[in-house]
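Supplied in structure tokens, the structure appears directly below.
Chains: A, B, C and D, in written order; residue numbering restarts at 1 for each.
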Amino acid sequence: MTLPAPLTGVIPPVCTPLTPEGEVDTVSLARLVDHLAGAGVDGLFVLGSTSEAAFLTDRQRTAVVDTVVGQLDGALPVLAGAIDMTTPRVVEHARAALAAGADAVVATAPFYTRVQPQEVARHFRVLAERAQAPVYAYDLPSAVGTKLGADLVLALAAEGVLAGLKDSSPELAGLREVLAGVREGATAPGFAVLTGSELVVDAALLLGAHGVVPGLGNVDPHGYVRLVAACARGDWARARTEQDRLARLFALVDAGDPARMGRGSSAIGGFKTALYLRGWIDHPTTAEPQIPLNEAETERVAKHLAGAGLL
Amino acid sequence: MTLPAPLTGVIPPVCTPLTPEGEVDTVSLARLVDHLAGAGVDGLFVLGSTSEAAFLTDRQRTAVVDTVVGQLDGALPVLAGAIDMTTPRVVEHARAALAAGADAVVATAPFYTRVQPQEVARHFRVLAERAQAPVYAYDLPSAVGTKLGADLVLALAAEGVLAGLKDSSPELAGLREVLAGVREGATAPGFAVLTGSELVVDAALLLGAHGVVPGLGNVDPHGYVRLVAACARGDWARARTEQDRLARLFALVDAGDPARMGRGSSAIGGFKTALYLRGWIDHPTTAEPQIPLNEAETERVAKHLAGAGLL
Amino acid sequence: MTLPAPLTGVIPPVCTPLTPEGEVDTVSLARLVDHLAGAGVDGLFVLGSTSEAAFLTDRQRTAVVDTVVGQLDGALPVLAGAIDMTTPRVVEHARAALAAGADAVVATAPFYTRVQPQEVARHFRVLAERAQAPVYAYDLPSAVGTKLGADLVLALAAEGVLAGLKDSSPELAGLREVLAGVREGATAPGFAVLTGSELVVDAALLLGAHGVVPGLGNVDPHGYVRLVAACARGDWARARTEQDRLARLFALVDAGDPARMGRGSSAIGGFKTALYLRGWIDHPTTAEPQIPLNEAETERVAKHLAGAGLL
Amino acid sequence: MTLPAPLTGVIPPVCTPLTPEGEVDTVSLARLVDHLAGAGVDGLFVLGSTSEAAFLTDRQRTAVVDTVVGQLDGALPVLAGAIDMTTPRVVEHARAALAAGADAVVATAPFYTRVQPQEVARHFRVLAERAQAPVYAYDLPSAVGTKLGADLVLALAAEGVLAGLKDSSPELAGLREVLAGVREGATAPGFAVLTGSELVVDAALLLGAHGVVPGLGNVDPHGYVRLVAACARGDWARARTEQDRLARLFALVDAGDPARMGRGSSAIGGFKTALYLRGWIDHPTTAEPQIPLNEAETERVAKHLAGAGLL
């Protein structure tokens, strides 16, 4: 399908259900897609960090895009992450995802290798030229080690290299600078700014962001749809109440005992366990080497879901 | 061939020559292998950071192992990096490298995703079980964002999960702790500790390290062979003189103008330009999105080579 | 005077004018205080980071509090930073500031030494007990190296140890968590949450923050007073326009050439040069070892002021 | 006394014994000085990080210098830390320490504020000019957040601004670069390079370092005197055995439970508890807000001392 420009609304980064053997559980994935689409979201983002793209083999990545694109059958736009260390490898992932039917690709700056803005710019330029499809820049300093500066994003947007930005950095000041540039006409028309934050969606939309890519949106897509709708009509009090509710629910990412596992295991495990408990996916399995939640930790997730009225 | 246990001596991380189009230049690679073997090194490490493994596609990675293994024809052991973000992807690279004839694999802790020691341990355990070959842990905090603790390394070495450690962290205190553990019998027999440092090889060998994996060893393998030999016979004064000479030569990694490029572009570009100027490879091309050295920067490299008597 | 609880509105972190010899220019400081008070701000914060507290000797710090308290004569509340590495030293600064007439003290977590939450909590508890005055926690991870967690802040607020929080961390998610806690009654009554951001004041106030401590408020206090008033009456469109204007003006912090100086020299130099150009202080001098702005850089500041209609 | 140039040998960073009330225990301090001097050390460094300088008030800092200088009565040179955030404050501490009889001052780059090399250079130049005494640069990136580059150190040494370097950074490559510069005559004569490492003293001396400033030297000064002597006569095997023994003893810095306290509390608490158990100081008290070791943790220290034959 043709990607809306700008893309707006709620675009969840879709979890990748796995079988206990670690293979993509395409049946659960298709069911999850139905739940999200049924909740009224505006697009889907597959193969992002929340999707465990970093853990999926190339074959599994393709299976994910195939399944989601097939299940949606054009009902919603699909963005696909092309997550890898450098340009040549990212280009290959981008081509595979587009060949499988994705409408746009999402890529970070190079990582593992240390780069400066000149090299980041070259990376996105080469990628856009080779992919021949809309490219979103994915700003995720916690994983990548580099913050995409507003100047760089605006320059690449003005050149037409970037179709949008998914901002998963923790700070809003840079997001404001990009949005001010968009308002002042510094970017090509249709440039979309999406926030990856689960917790300050109201603030990001107040500043002018076009949409939100919330990991927690897997678990409670209806909540994020309501939240974005409240912001859109300027009902900030209602938005704050909904956002506060979602922020409390977000505590399920801390269900894992920090003495047993890292924050990644706990967060992805929390999301998947919640989806399992809601009956949306068949197994809470996470990819290796992540540590699975145990029984006590699973109960914590259940308690959070119950507190949010989702169980 | 069977890997010596422990592996000792000089094991250069082999640069990957590229054609101007960005493909692996197998002719130059074979010639570089001959030069290194002819200088008397003790093994080769392919697909590491200095090899631009992060920039090579899967197809290119396999071409590298094929070429090097074929050229050596069993004359020297070959270690191959399996550089990727997480266990499932690293396992695939390891299998490919072993199928192409590598004698051992070298893997970092997971990156992009944030992990704790429990998950790092699980990563190496799963990898060793699935690879069914010697696994070296690659400690490279500047790229990976995680330091491998001496406790963790020694525990995995005692279990037989790890065959060795390539320590490219900047500090020697952790290296000493691992080496003290080796001396006290905490590891399985044959465990090898290699330092990735170009600049303090004498100090690392004094502490008991078994060998060295110097990026600069591509450019001056004879220098590192002499340096390690001097250390081996306890001639520390001679070792210091040689190490000081190599440290001066190492300044070629700063040939690139920091206003034009990052340190990675400058360092890899410096190595490859030096190899090109020595006539060992046909093109100084580096992989995208790295910035190539310009004429003035190339002259700086030439000056360093001349200063070291290598031109 | 008695501190309002909670403290609300605009509380600029007052620059400390210096003579060319590096002494506190008390005449300029008094004039600056008049300008700020005349613009309708709600309080003053002296001896914070923007005040170059880190550069002032103990004698100079006392001169600052003396001057500001004397000039205000009770017209506005005065918060004073007690910036030092650890509890015993912070307690001494707090006592000196309170003796000179400050109404409350503002302190960071310990720095230079590495501490964990238990030690940070002990630090604030001992400080509050010894200071016998309202204590604000100052969250400034870029200087301190530690982020104050929302849990810790809320626990200390519930105990009555903290009277408020000045949040100068770059992320809003933690601020929301504290504010949600305040709304849910987790803190003692009157607990004030102030944001140190110059650039996302509208977003912070939308989330419920009580006030703002903007360094740029030295240069354009009227702008921040208008911005906060627009937020208070729910006129978010007007707020965004004002905030966008202030964000453009904020670019004066980058007037200094990064090849000549660090960001601190440039930012403090930018503020003081702007105050000098407006005629509010007699010298743009910054404390050693900061690098002064040169003529070209001063012109850049002038251009920003002119663009904002302030010259 | 006149400072030897270069200063060589073992120069322990002297712990500051405290009474249970947190005041300087001058009786214990004098006794500790006697033990260290009696063990044959070559100088003392007071008011460094191991001395808890960051926790001592100005009055207490002066008491420390007074006590140590008085007790030594010229028998050994005394270096004094002037630890504070910026030039004006460091100058004041330097003057106070020199007035109390210190022979040289030791200062870090500015911290809390962010600086670049230009500002660091200006900092040391102003300090040297105002202090009118030998200035040692203290490279401690873990506390300061800035690494002193070898280029900068050598340039300031050549100018005569710096009399020496105390390198407490974790990496040896930079240390080698400074020492190579010293060997090539890049510094003023008499420039001293001291390593702050407890764990790789043999390696640092192999590279040419003049001396060592080991925190653990408070607890086992005889061990470090033996270690340095072995290195001096080129007996590297003996040196390694002694260094390995000291490295095992160094584990006492981890006696504190990381669930209860940070690494600083544990390390300083470990040293002081060891000194208390040896009968060298009267109380193991550490400064606030550090967490004291409990009984079980104290026993762990005792076990390490016993294992090293020191109890």
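We adopt the following convention: a residue touches a chain if its C-beta (ideal position, glycine included) is under 8 Å from a C-beta of that chain, and two chains touch if they have at least 3 such contacts.
Chain by chain, the UniProt names read as follows: A, B, C, D = Dihydrodipicolinate synthase family protein.
Fair warning: this is a prediction, and the values are worked out from it, not measured in the lab.
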Chain of greatest Cα-centre distance to chain C: B
Mean-CA-position distance for chain D and chain C (Å): 35
Interchain centroid distance [CA atoms averaged], chain A/chain D, Å: 49
Residue list for chain D, restricted to those that touch at least two other chains: none
Set of all touching chain pairs, with the criterion as stated earlier: A-B, A-C, B-D, C-D
Residue ranges of chain B in contact with chain D within the complex: 170-173, 176-177, 180, 183, 197, 199-200, 202-204, 206-208, 234, 236, 240, 243-244, 247-248
Complex contacts: residues of chain D adjacent to chain C: 22, 49, 54-58, 60, 83, 85-89, 92, 110-116, 118-120, 122-123, 126, 142-145, 258, 260-265, 287-291
